[in-house]
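There are structures below to look over.
Next come two complexes, and both contain subunit A; in the first it sits with subunit B, in the second with subunit C.
Entry: the complex of A and B
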């Protein structure tokens, strides 16, 4: 319960900072909505010409985009610190959090908020509501599956950013891996086979972020739901282990820093 | 052990050391081989095996030149860094293993790193720290009110931190660090960049915390005023080794072997300027003289005995060198030994 109140206090503080610069906030949100909308228009044009790609239709792409946009938006909007971890490790900026109670990874993850994420989340929910023709049960499943995908995004960001403990600089690598995850997640699964598919359920877990959730929204299957749950627990474990082991290698730093 | 009067040990280090690996830039690797050749590493010692204890209620200055190992030590003691070898306890906790419990009993203030949220009023940082430390909201509000009154923060708490002066911000920083009533306060160059008045205010606040509330103070600073006005004991570290551990008075008296004898004469001295080996004499006015005595060459008593026989003395004072000179001497020794090595 304390952890929930603690996280809520951080989110509230981040929101207050965000709303102190309203024009920047609203322009970032609007910009991201327009950016996402362009992609959906692209896919709409594509499917008007080729109605099905190996069984994948426009509604499937809408569901993929709505889950990915909502999950990624919530991940960077609520836990943006996970995505900036590599640069903060490299700059020795973990000191302040290491002298405070509560798990340091929790501090780091919720201490930052990327306002553009709220544009993604808003877009994802709107697209699902207006273009996916959901039933009430679909809506419930959408919320649950988006939260699971959010958890996997955050865990993945923590794991790949924590590579900075070993490499010193990992911003470029972690950004590429995260963008790779988003890219693979927003294309139809049936485009990928063989070894690539193995990669998409392990190193770049697009399967857990998008493919399984989409298939569950099509047709609920308890077996796949359990696989998704196991994948989520696995990704959290990998993230926490990578960060905890890496933290022993942390070298701090003496940069002058403000908590902006 | 120098000035500690209480028996409870607050901080204890036993052979604590820290080394870092860094690439050996002296090994040339040319051309494309840089892409696949792993550069050999060398071990850099940030802290040689170090042992000392600090008793509860003490106010200790931990001083030394840049790169001496001060910040490394303070970061190990606060749980930020893991040591390479040795053991340390702070209030009975092993800092790097028991970080959560320790952080509820200590506070850390870094002069160069803010713990307040830059865009928010300091009051919001207080609220967030209340949640982080799981403090009772009413208790925290009363505590914040008391700190606000004591540190003169009225009118500051509701302004965004970015609009505060450095001195105002540092007072807010210390108040925020004390919200959870810590038993030890670690301060890493808390007065850096502050003006004279802000420095004096902050020093008196820290001193009062130590003397009135019994908070153990462990301070690093390059500022002689911080050392003299806040601390009773000094631990001097030099290239990762403790080279002095004693009272501030002993440090000033013994580290720089120099005394200043100042004389007020009852009648002008018209003779030859007294010349003695190890003594530099200066006539300030016809009635005032000053003698810098190198006590490694000649005892101050011998110099004084010689002067009493030759001059008509109305008043005299013998002073130790100012702390600035002591610290400069410490740093000078560090530089010269680095140059030799």
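Entry: the complex of A and C
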């Protein structure tokens, strides 16, 4: 409970800081809503020309996008620090967090907020509500599945950014791995087979971020729900282990900075 | 070390020659910079490879499900090569609007303006170096990917040369548009969302992922009336076509758009310069 209060207080403080520049905040949110909407327009154009590809239609892709946009938006909005971890490790900026009583990793991830994430989340919820024709049960499942996908996004970001403990600079690599995850997650699962599918349920967990949640929204299956739960616990474990083991290799920087 | 000496005499010709030397100097410096960080550029190839892989799967499934040999006049191999060309243009984009935005908001622009050579010339030289290196590398990565996945397709040397020339003009037009967006920071707090919208609108209406020939008729007509199609779809289609029938229309659209956008940004730059204020400190 203490952790939830701490996280809530941090998110609230971050939100107030970004709202100090209201125009920038709203333009970032609106910009991201339009960005996401344009991708849905692409799919609309595609399915207008080809109404179904291997059984996949426009409504299916709308659900994929609503889950992914909501989850990614919440991930960078609530835990934006996970996505900038590599550069902070490379610059030796973790010292401040190491001496504080709260868990280092939690403190690091909630200490940053990417404003545009709220645009993604807003878009995801709106698209699901207006284009996916959900029942009340679908809406409940959507909220739960989006939160699970958010957890996996954050865990993945921590794991790939923590590579900086070993490589020194890992910003580009981690950005590209996260980009890869988003790319694979926002296309139909049926496009991928064989070894690629194995990768999408392990190294690049698009299966847990999008494919299983989307199939559960179509038709609830307790077996797949348990697989998703196991995948989520696995993702968190990998993230925490990678960060904890990597932190032992951490070297402070000699940069002098004032935190006010 | 590259140096730029003198203003090259008087008159318009002299000033133009001087500007060209400035652009060339910035181009050479930034080209060396790009070469020094070639590994970083190479890592960018991973993004392109992932994108092309996913899109290839999508189009292969589409052709299979439609049971068609051609769609909108394109074979599967042509669609994949089309995607290589359009993705190379898009992924080589240089987001220098953010730098201009920061210069404007911090007041650093005031110092940049008094340096010899001109602010826009400096940005253009740097832009050209970065863009051309990225574009060449993207074509290399995409070309290897397409060769391995769908094989070679017949391409005439003249359409290839004219198509690449059209891409260069399109890059110039892209520079002017992004410059205009960056200078928008004189009036609004943050131009990054406008830049994001510009890139996304140009991607869709430029036919990045779906050739415009496959758009619904009305939207296809709208897309063709805008410059984005000439910037992205036009050069790619030209390279894949066997004739040069589309060349006059393509270059008229690119040239007209460049003249219009150039005039507007020139006016915007003039107004913006009068609003420059330097921060203290």
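To be clear about the criterion, the second predicted complex is superposed on the first by the 257 of 260 C-alpha atoms of A that agree within 3 Å, B and C clash if a C-alpha of one lies under 4 Å from a C-alpha of the other, contacts with A are read in each partner's own complex, and residues count from 1 in each chain.
Assume a residue touches a chain if its C-beta (ideal position, glycine included) is under 8 Å from a C-beta of that chain, and two chains touch if they have at least 3 such contacts.
Here the structure is a predicted model, which means the values were calculated and not measured.
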Query: Mind checking subunit B and subunit C on superposed subunit A, clash or fit?
result: fit
Message: Touch test for A:179: subunit B only (first), subunit C only (second), both, or neither?
response: second
Query: Should A:28 be classified as contacting the first partner (subunit B), the second (subunit C), both, or neither?
result: second
- request: Tell me which partner A:20 touches in the superposition: subunit B (first), subunit C (second), both or neither.
  value: first
Query: Does subunit B (first) or subunit C (second) touch A:252, or do both, or does neither?
result: first
Message: Under the stated touch criterion, which partner chain does A:38 make contact with: subunit B (first), subunit C (second), both, or neither?
response: second
Task: Identify the partner contact of A:52: answer first if only subunit B is touched, second if only subunit C is, both if each is, neither if none is.
output: second
Task: Using the superposition on chain A described above, determine whether A:9 touches subunit B (first), subunit C (second), both, or neither.
output: first
Task: Considering only touches as defined above, state whether A:187 meets subunit B (first), subunit C (second), both or neither.
output: second
Overlay on shared chain A, then closest C-alpha pair between subunit B and subunit C (Å): 9
Query: Which parts of subunit A are in contact with subunit B and also with subunit C?
result: none
Statement: Per the touch rule above, subunit B residues touching subunit A in the complex are 20, 71, 75, 78-82, 99-100, 103-104, 106-108, 110, 112-120, 124, 127-128, 131-134, 160, 162
Statement: In the complex, the residues of subunit A that touch subunit B are 2, 5-6, 8-10, 13, 16-17, 20, 94-96, 98-102, 104, 107, 248, 250-252, 254-260
Statement: The subunit A residues in contact with subunit C across the complex are 21, 23-24, 27-28, 30-32, 34-35, 38-39, 41-42, 45-46, 48-50, 52-54, 116, 172-173, 176, 179-180, 183-184, 187-188, 190-192
Statement: Per the touch rule above, subunit C residues touching subunit A in the complex are 40, 43-44, 46-47, 50-51, 54, 57-58, 61-62, 64-66, 188-190, 192-194, 196-197, 200-201, 203-204, 209-210, 214-216, 219
